[in-house]
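Have a look at these structures, which come just after this line.
Two complexes come next, and they have one chain in common, subunit A, joined by subunit B in the first and subunit C in the second.
Take a look at the complex of A and B:
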């Protein structure tokens, strides 16, 4: 008789999901799925709204990465307006995006994943949370909180609100930066450097203890996608997309937001509300790939800032080609935080950063427009069509969690095959299956465009589809 | 940014969830009431998150304000609060007031010498703006209680 294990809800994620593991008659894992069980529908109910409302509207998709939607949406609107925003506005937006990346990565590493990394995958689940980290390593707990504050405070200084700022508008930003705010940001830099230094040192000390997890946490060849600059350095806000293959060879470069729909498709599977994104020329599922911190570090040749470049060089020594195990998303996230702090400091030194010209204005000049950026979790593309009056007639949002969906499902299967044996599993084993998903730091609210409360379940199904066991948190 | 306050008022709630908006409404009223008094710091969020431990640790005294489903509509309760360990569940986006005190102690080695929790019972926390009649009627009493409590907290002498 075959069986199914269900983990429901999967915890320490942004949104609702569950995992089912199908066992065969011998009690071995036959298949596994990560289900995103919430549905929202932003694309549909934005129809009929004026296009210039879209940044504020779509930012409400998420409380963790609203800045990502703000920026991708504003860029799509600017494509409709056919305007190029002033240099200073572009720099200020870049800084906003990096500040969000720093606070989001700090949340992922310190709040969501450090309990597994510092306390152990098999540690008492009653203690495996931020309180346990606070007791075991208060210095790291404080560092996490301080890095979150760093990112959130820069967002607040720029946009007056930490969450759902309305400062980014089609054409630029609503207000220039003042000298007083710039100086306040610069004063935060020393503490931020100290905290990311502490986190990187702690990670490097403990990573070697997770060799088995490294070997089965979505450790397989895939393609990788992300934004890069023309000089092959990492980019989060502008640039164009690059896709590389399993060996690191270029598949396609220079994918702009407008070209994105030509080459990127979305498939649907019956067990999830999140779509499965793939590269059209290779078809589905062969054209699947990974995005986010691991992908970005795999596709770039340099970060473009001194300390982060040193960290990238060390990261690249993990493998001869692309780094494959998703466990290394954690490492990549910390390298990106270092980059974010350095880049913000560089942008603040731009002689034009206090310039007052921060907005371009125009009406509807095209009936179709798309914008793309790198959200903390990976590539985000907004694509809109409007009528002559600028009302949205169609919208499509392709989010990071959709790009990673195939790899997350394969990763769950790989880990389940390692940790579920003879139809038996321990709490620690199931935590590892969940931890595979956490490495991707998916945002399920974004991916289905949640209503209600967070959380993931794990179900064990028999070969004839009967529920044999279920873990519900 | 974090700054030490003689009295930290920490409210939470959602004004788009009917009576759950009582916390933000009282926080907004308190902003006006103590606008020129640097000893009082007021913060309000949809939920209390672990990051607030830093603020709590830095304060000499703290008054938490929230709505409580355990109380009848418009019922007001003020009580002393002690640190508590984390209850089973999710901690990413929200933790309780007693847990915040505990986290402040664990991370920063200190916590306010006095912590109190003011809660108001809701009639409805469904989607919608504005307070129900019982909670509206309780508002003036809650404001008077807030003034008295903050005054007591400010008058406390350091140990």
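Take a look at the complex of A and C:
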């Protein structure tokens, strides 16, 4: 008789999801699925709204990375307006995006995943949270909270509020940066460097203890997609997309936001509200790939800032080709935080950063427009169509969690096969299956566009579909 | 012929003995004496229509509540402007306004500068108990400079009055009856194709985000209706 294990809800994620593990008659894992269980419908209800409302409207998808949606949306609007935004506005936006990447990565690493890494996968669940980390390693707990504050405070200084700022508008930004705010940001740099240094050192000390997890946490060859600059350095806000194969060879380069719909498709599976994104020429599921910190570091040849380049060189030592285990998303995230801090410091030194020309204006000059950026979790593309008056007639949002969906499902299966034995699961084993998902830091509320209460549950189903066991946190 | 002296009326508002000129409204007298009566459709410089009913007041000896913006004073009147009953009615009116169309402050261009929003805060409105109607209402973005989002319109008719009385264009008007009423431009033409003079007065007097300036989207969009009394004053002086 086959069985199914359900983890429902999955915890320490952003959004609401569920894992089911299907067992065969021998009690071995036959299949596993990661279900995203809510629908939101942003694409539908934004129809009829003026296009210039879209940045503020789609930013409400998420409280963690509203900046990602703001930027991708504003860029799609600028494609409709056919304008190029002023240099200073582009730099300020780049800084905003990096600040958000730093705060989101800090949240993912410290608040969501460091309890597993620092306290152990088998540690007491009642203590396995950021406060447990703060009790065991007060220095790291403080560093995590301070790094998140660093990012959030820069967002606040730029956009007057930390969450859902309305500062990014089609054509640029609403207000230029003041000298006082720039100086306040610069004063925050030394502490940020100290904190990310502490985090990287702590990660490198403990990573070796997780050899088994590294070997089964979505550890398989995939293609990788991410934004790069023309000089092969990492990019979050501009540039174009590059897709590489399992060996690191180029599949396609220079995928602009406008070309994105030509080459990227979305498949639907009955068990999840999140779509499965794939590269059209390779078909589904062969054309699946990974995005996010791991993908970005596998794609780029350099970061473009000194300290982050040193860290990248060390990261590249992990494997001869692309680094395959999703466990290394954690490592990649910390490297990116280092880059983010350095790059923000560089941007603040731009002599034009206080320039007052930060906005271009135009009406509807094209009826179709797309914009893409790298969100902390991976590539985000907004694509709109409008009527002659600029009202949205169709909208499509392809989010990072969709790109990673196939890899997450395969990763859950791989980990479940390792940790679920004889039709039984222990709490520590289940936590590891959840931890696979956490490495990707998916944003489920983004991906389905979630409603209501969030966390994840696990169910064990028999061969005839009966619920044998269920774990709800 | 000698001019008749002012016909002075004496009345009581909220326990204060006050004097007023004949023909003055209760609202005018209250404001002259720093007594606050909440209003939404009223605007200094425009005629009064008594549309929003927020300025309802109690008159001693009468069961009827009167809108202070159009009810004129009479000798010996005893007016109460802020009783528990009135507060309850005002909150009910505001709840009905919120339930009637789609007021989503978080993504509205007027968030933080909206008279409906600040009125709800002033009146202590914490919940809307009526079910929302969630009507499907259009957005007219055909005008080069401005947009009308009927989802946010409270039918105060300030736009209709400022366009007819001050600009003299009478592009705005109201069509339909009751809950189906809508403000329209010309004979329900697209705003962009109407006889609009593009003066923007309607946008400045609109209390919510129903009428807004396209170029202000995403940034702070305060309205500046202060031009109205000034404009009237200049015209009278001419």
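Heads up, the rule we're going with is that the second predicted complex is superposed on the first by the 473 of 473 C-alpha atoms of A that agree within 3 Å, B and C clash if a C-alpha of one lies under 4 Å from a C-alpha of the other, contacts with A are read in each partner's own complex, and residues count from 1 in each chain.
One rule holds for everything that comes next: a residue touches a chain if its C-beta (ideal position, glycine included) is under 8 Å from a C-beta of that chain, and two chains touch if they have at least 3 such contacts.
Being a predicted model, the structure only gives us computed values, none of them experimental.
Touch test for A:164: subunit B only (first), subunit C only (second), both, or neither?
Second partner only, subunit C.
Looking at the overlay, what does A:182 touch: subunit B (first), subunit C (second), both, or neither?
A:182: touches no partner chain.
Could you say whether A:259 touches subunit B, subunit C, both of them, or neither, answering first, second, both or neither?
A:259 contacts neither subunit B nor subunit C.
May I ask you to decide whether A:153 touches subunit B, subunit C, both, or neither, giving the answer as first, second, both or neither?
First partner only, subunit B.
Of the partners subunit B and subunit C, which touch A:391 in the superposed model: first, second, both, neither?
Touch partner of A:391: subunit C, not subunit B.
Show which residues of subunit B lie in contact with subunit A when the two form their complex.
Interface residues on subunit B, with respect to subunit A: 1-2, 46, 50-51, 53-54, 85-86, 88, 90-93, 99, 102-103, 106-109.
Across the complex, what residues on subunit C touch subunit A?
Contacts found on subunit C: 106-107, 109, 138-142, 144, 147, 192, 214-215, 217-220.
Across the complex, what residues on subunit A touch subunit B?
11-12, 14, 63, 107, 111-112, 126, 129-131, 134-135, 138, 141-142, 145-146, 148-149, 152-153, 453-455
Under the stated contact criterion, what part of subunit A meets subunit C in this complex?
Per the stated touch rule, the residues are 48-50, 52-53, 55-57, 60, 164, 166-170, 174-175, 361, 363, 389-391.
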